[in-house]
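Have a look at the structure below before the remarks.
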Amino acid sequence: MRRTPSRRHPETGLAPGTLVHVGQRRTESTKITVFQYDAANVQERELTGVEECREYTKYAGVLWINIDGIHDISVVESIGRLFDIHPLVMEDIANTGQRPKIEEYDGYLFVIAKMIYEVAETKQLRSEQVSIVLTPRVVISFQEQEGDVFDPVRERLRTAKGIVRQRGSDYLAYCLVDAIVDHYFLIMENLEDRIFPLEEQVVDDPQPQVLKSMHLLKSDLVFLRRSLWPLREMLGRLDRDRHPLIRKDTRPFLRDVQDHTIQVIEMLESFQEIVSGLMDVHLTSISNRMNNVMKLLTVIATIFIPLTFIAGVYGMNFKHMPELAWRWGYPAVLGVMLLVFIGMLIFFRRKKWL
Amino acid sequence: MRRTPSRRHPETGLAPGTLVHVGQRRTESTKITVFQYDAANVQERELTGVEECREYTKYAGVLWINIDGIHDISVVESIGRLFDIHPLVMEDIANTGQRPKIEEYDGYLFVIAKMIYEVAETKQLRSEQVSIVLTPRVVISFQEQEGDVFDPVRERLRTAKGIVRQRGSDYLAYCLVDAIVDHYFLIMENLEDRIFPLEEQVVDDPQPQVLKSMHLLKSDLVFLRRSLWPLREMLGRLDRDRHPLIRKDTRPFLRDVQDHTIQVIEMLESFQEIVSGLMDVHLTSISNRMNNVMKLLTVIATIFIPLTFIAGVYGMNFKHMPELAWRWGYPAVLGVMLLVFIGMLIFFRRKKWL
Amino acid sequence: MRRTPSRRHPETGLAPGTLVHVGQRRTESTKITVFQYDAANVQERELTGVEECREYTKYAGVLWINIDGIHDISVVESIGRLFDIHPLVMEDIANTGQRPKIEEYDGYLFVIAKMIYEVAETKQLRSEQVSIVLTPRVVISFQEQEGDVFDPVRERLRTAKGIVRQRGSDYLAYCLVDAIVDHYFLIMENLEDRIFPLEEQVVDDPQPQVLKSMHLLKSDLVFLRRSLWPLREMLGRLDRDRHPLIRKDTRPFLRDVQDHTIQVIEMLESFQEIVSGLMDVHLTSISNRMNNVMKLLTVIATIFIPLTFIAGVYGMNFKHMPELAWRWGYPAVLGVMLLVFIGMLIFFRRKKWL
Amino acid sequence: MRRTPSRRHPETGLAPGTLVHVGQRRTESTKITVFQYDAANVQERELTGVEECREYTKYAGVLWINIDGIHDISVVESIGRLFDIHPLVMEDIANTGQRPKIEEYDGYLFVIAKMIYEVAETKQLRSEQVSIVLTPRVVISFQEQEGDVFDPVRERLRTAKGIVRQRGSDYLAYCLVDAIVDHYFLIMENLEDRIFPLEEQVVDDPQPQVLKSMHLLKSDLVFLRRSLWPLREMLGRLDRDRHPLIRKDTRPFLRDVQDHTIQVIEMLESFQEIVSGLMDVHLTSISNRMNNVMKLLTVIATIFIPLTFIAGVYGMNFKHMPELAWRWGYPAVLGVMLLVFIGMLIFFRRKKWL
Amino acid sequence: MRRTPSRRHPETGLAPGTLVHVGQRRTESTKITVFQYDAANVQERELTGVEECREYTKYAGVLWINIDGIHDISVVESIGRLFDIHPLVMEDIANTGQRPKIEEYDGYLFVIAKMIYEVAETKQLRSEQVSIVLTPRVVISFQEQEGDVFDPVRERLRTAKGIVRQRGSDYLAYCLVDAIVDHYFLIMENLEDRIFPLEEQVVDDPQPQVLKSMHLLKSDLVFLRRSLWPLREMLGRLDRDRHPLIRKDTRPFLRDVQDHTIQVIEMLESFQEIVSGLMDVHLTSISNRMNNVMKLLTVIATIFIPLTFIAGVYGMNFKHMPELAWRWGYPAVLGVMLLVFIGMLIFFRRKKWL
């Protein structure tokens, strides 16, 4: 299995702004849900078509349209036409190989982030692209498939917990990004749980399969950093640029989520340094083991090869070998052998090989 | 074969601005094609000489002159004189060892990019220099040889697909650069297809030829990064400088192609990290295997060398070796040997060598 | 044991600004102590509840409130309400996984630093988060548990040693940060005391357990750098921004503590380079040793295997082996063996293996 | 031989501005040549003393004074007095251990560059310091010895080829720097010719002397980069600062030579990456080979040691060894040995060692 | 011995500005010398106490006070009071673990630099902290012990050589820093003299003690870079900030000494790269040697083990071994052995192992 996210590019050479879905092919139908709320009321519905959105845009209050499934290009296109979104933005939404970024357009902000999740069966990390379009009163979020990290936000909307219902669309957009970043902490813990046993294993019992785990871990870390660095950049830019769509009292929250991103990145970099170090430790550990194997071989060979030679000498069939006829020849040779044996043992003991 | 692009410099010491072709020698004749278009009409022709260009410059609309083959210096020179291009620009067009860059001159922009393609037979990466001169109404592109990635652009010109026919020369130049960058995604996929089996092989079956593949891959990555980094820089500068030749509505497109470049570079850097890691994995894997080889040798030697010694002792020809005459001497010795053998097996089993 | 600080994130998905304690669970009760002082007087008391603080805020002079134990969320919350602190600040105080930072709010500065200490039994490094809120007349410090590095500051407050009693709350905050940074020097010395014997060992006697020590040391260095770099950044920003809360005569002191931080970081980086180097030295040292082992084995085998072969030849039982019957056959063969033996010795001596 | 340039410093502790020649001691006499030219005329002469320069400075047109040999301090000093040059500049000219740089003084620019050449016999790279003083009408160049890369410039001056005779002293200075940078391309090709065979050798036939070549190559690359980076910096600064001595129409040329420098640096860095990679490949290749050696040894030993043991058993001299008397004992044992032999072969074939 | 400079911090927790000597304990008494000079006169004296300084401050001209030995805190304190120096400066002077820096205070500049010297007996590098306080007319320098690199400056003061007597205190301070930096060149040469033989040894004869030398060298390079980088920074800042205490005609000299610092740092970095490379070369060299050892063992074992087996077969005591009775059995077996022997030799010759 490829561990890097699906990054197949469409047939290159299409006119810029052409909408083509790029990503994992899916067959489920696209799901559109809306939340319409202000401090007093909240309304939640699942729509059957894009056209229904139009009526919601008429009311006051904040509107959140969430689209699960972007493989149905026609839906994405309709939304784009409805809210008058630039064709390049639509292309980026449909093509899931984008890097996290933020782009300003007249009247709206366009944000791409990566939601990381662990595939339950294979323990592999995958990323899902979440595109957010923020206008003064509407937030539109596009996801690749159902199932996300926004449930706590929905819950807060429904129950008016926290301050989200008192704030505008910019705060809602912040909540979505915050939920995504918060989820990285869980991923970090999972990673730590994979690093921790490796540390033990590598020093105490360096098995070959450890190598594979370390390589997978390393690739996962590279992959994660690639999703996170642009996020940090993007949030930093949002902080610096003071875009009019972001109200002043939302800014400390943006700084907070930027802070969390930096925290995750620093953990990630610590992990990378530690895993890199583990590779060296592993190699050295193997060398250490080989050294021990060689020592054993050398001890055995060095002790017995000379003894075998002595035995070989007295196994020769010469007629005239006076020692053979001596009364104490045999015990004498055995004695000599014993002396050699003991001498060797002392020698190796001194060399600390035994 | 050299994997780095031909970077032979001409006899150093020529006066600056002297036109000398530097690159692979080619014998095909130079081919000049022009596209003359506006929103309503498009005209496409292959010219027999540079002089014919002159008449096309008189009409309104955008003119795209494409020259395939720069080894015929006289053609390049004529074009240069016709459009009054700085001698240093002409020198850079003829010398294919340039790095991607953008330079501003009075009345025109000069862009150099690298088109990467894979030689079909050898699977090696090669680069071809594409030089683009952008004036308010004319785009001139110079390529080393026929065959390029611009066919989709030509198709769109002919069929008025997309918006290219409604826009000016700056949008055409963008389309050319975009086509080049888009092509990098294909190269990336090919690279991924080379990395993927290596990852499997290195851990499971580290053959020596893997080493060669990895080294080739690494050099290709170094070579690609060298073509891409200046492109990123160049596009960034174009974005910042807001050159009057680039109309305002073309700018989002430039930002988009810059984005794609960054995406390719980040993939490339991930690949580099992964391939670097693979090298370590490979070395460790070999050490692991050697360890196994050594273990086998040690087990065999450690078991049989002492046994052979015992057999050697009783092969000695001393007259007075009472054991030899014993009735159960032989079975006793065989028994001792068996005990040693079993003891050794248990010892190695405990050490987990067997 | 995990060496990285407890960085368990709470159930992600809480509303931003929700107070949840994240860190090691503790059962001791929270302790609140106050210092109220001016140049002339100093008063020190341990409070039983947050409400008592209120009366202290009425007096002139500087007030230092120190809270040991943040696991009792209600205490932190009361303090927050009393001094009107932003919910995000309160959240950061309670969540001990923050990175050192400084944040400006209307009317107060919020500082997070990491106090490093060595767990006595295990010699492991741990960090404790110290959060400081600086208002014009009050300093509030939050610590995870009792026992800190502020005793010298307290002593100076009590005895009016130094100038702390003549200065304002900003100088007190500086004193606290300075005490934390000063403590890093002790940690550095402990690290040096761990590196020093490793250097000796690695070259002279590379035992496998050295590997484990080196890996632990490396992880500790990574961990420390992660606590220190943001501190440096934070102090640098404080210096640049010239916040009105920091009086002009306190600035040289801030520069001084920033200087100390840089000094510690540079030591740390030297240590990292040295430990990295040690890893290579260790690996090379092991290879050297293996080389010696192999040489011994080769010398022994190369000398005795041919001799044993000769003995084996004359141990064959052929009827017609004329040498066996020769009068001087046996001594002659022994002589040949001796010659081979001496020849080999000379050969190895020349190769400098003996 | 030292590969780094002679960087012996004089007795440290001299007053700043004291002229002491630092560099290779030479005995040839110093040679002074002048070119006096304008668009119409050119005059070329070799002078016998510095005083003769004085009269040339009176004429209109550009004057180029070239001094070959700076070991004769008196000549350098006279020139310095004649053109009123700052003592620190004179010190830098005489001390050949400078790094490339550009310095502005009232009325003149001072440029130091490094000319790299290959010593014909030893194939080693050496650098020669070229110092250029540029005043509005005079260019003075100082070289360590005769023989340089300026002949093409001289030729163009004599034959009025190119535009050098129409331009001022700034263009001449540019030509000199350009000639130096152009020469680097030749050096690059030589380096590539050294890297190319190494790549083949390292993978296919890793001989120990390859190691030496690689180390030499690496040191040469480090040495070259050290000469080139400051040159890049210096040209970049010249471009940014828009010094009044550099006329506007000379600037594109300066940008061009800066471009060439960047090109050379990027090649250099690619080379460094490739050579670094080769080191790893070499080490891995050696491990691979050793693995093969070990496999052969293990196969032979594992097959024959047990067989020899069996032969040893039946070479024992026990009186009561019933097998010895059996009619088919000998063939049976031979048969067993054959079975063991074949079994081992199959075993190793399965392990793919044979 | 510790190679890093004594960096023992005093009992942490002292009030900032408290004077405590940190460094090597010394018993010699503190020595105070003054130079009072202007263009016409120079007066040099050794003082017995700090109070004597007071009268010198009354005269016109430049005053240089040099203190050898800072372990006598009372002397440092008196100087501080006499010239009204900030307590933090005094603390830094007394604590020798500072990093090179420059600090501006009202009316004076405070400079810390590191003087490197080689301990004659052990060839180890040590650093001594030199603190310089520069006021408009007075330069005060503090050194840890007698013996420094300022003798040439003193000589120039006495003999009015150079321009130092015509300039102000800023030029004197420059001279002191210049003398310190100049001394680094000597250290560089010593380092080169240590690297040079290592290069030879590592490739041609990799002995284990080389490893120790390399590690020492590496640590020394790390240590030196740590002293030099801040110096470079400090001089750069002095150049940029144009402090009023630095007269305009002193600035080119400061730029010159900054240049020298950069030169030393670049040498240092080249050295680091070369030494890092040497480590790899060493490891590879050892692997190469081991490979040779293994080849010899394998050749010997592979040739003689099968031969010994053959001899063993005919040493068996079976009654019915027809070959034993053959007339030419023995010569035939010897012949077979010879054939095997020659075959093996050819085999190994082909594999280029012999």
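As written, the chain order gives the labels A, B, C, D and E, with residue 1 at the start of each chain.
Operating definition for what follows: a residue touches a chain if its C-beta (ideal position, glycine included) is under 8 Å from a C-beta of that chain, and two chains touch if they have at least 3 such contacts.
A quick note: this is a predicted structure, and the numbers were derived from the prediction, not measured.
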Inset, instruction - Please identify each chain that touches chain B as well as chain D. - result: none
Legend entry - Distance in touch steps, counted as few as possible, from chain B out to chain C: 2
Legend entry - chain A and chain D, separation of their C-alpha mean positions in angstrom: 42
Legend entry - Whole-Å separation of chain centres (CA-atom averages), chain A against chain B: 26
Legend entry - Numbers and ranges of chain A residues touching at least 2 other chains: 283, 287, 290, 294, 297, 301, 305, 308, 312, 315-317, 321
Inset, instruction - Starting from chain C and stepping next to chain E, give every chain of the ring in the order they occur. - result: C, E, D, B, A
Inset, instruction - Under the touch definition given earlier, write down the residues of chain A that touch chain B in their complex. - result: 2, 4, 7-9, 12-18, 86, 88, 97-99, 101, 103, 208, 211-212, 214-215, 218-219, 222-223, 226, 279, 282-283, 286-287, 289-290, 293-294, 296-297, 300-301, 304-305, 307-308, 311-312, 314-317, 321, 323-330, 333-334, 337
Inset, instruction - Within their complex, state which residues of chain D touch chain B. - result: 149, 151-153, 156, 161-164, 175, 178-179, 182-183, 185-186, 188-189, 192, 196, 199, 203, 252-253, 255-256, 259, 262-263, 266-267, 270, 273-274, 277-278, 280-281, 283-285, 287-288, 290-291, 294-295, 297-298, 301-302, 305-306, 308-309, 312-313, 315-321
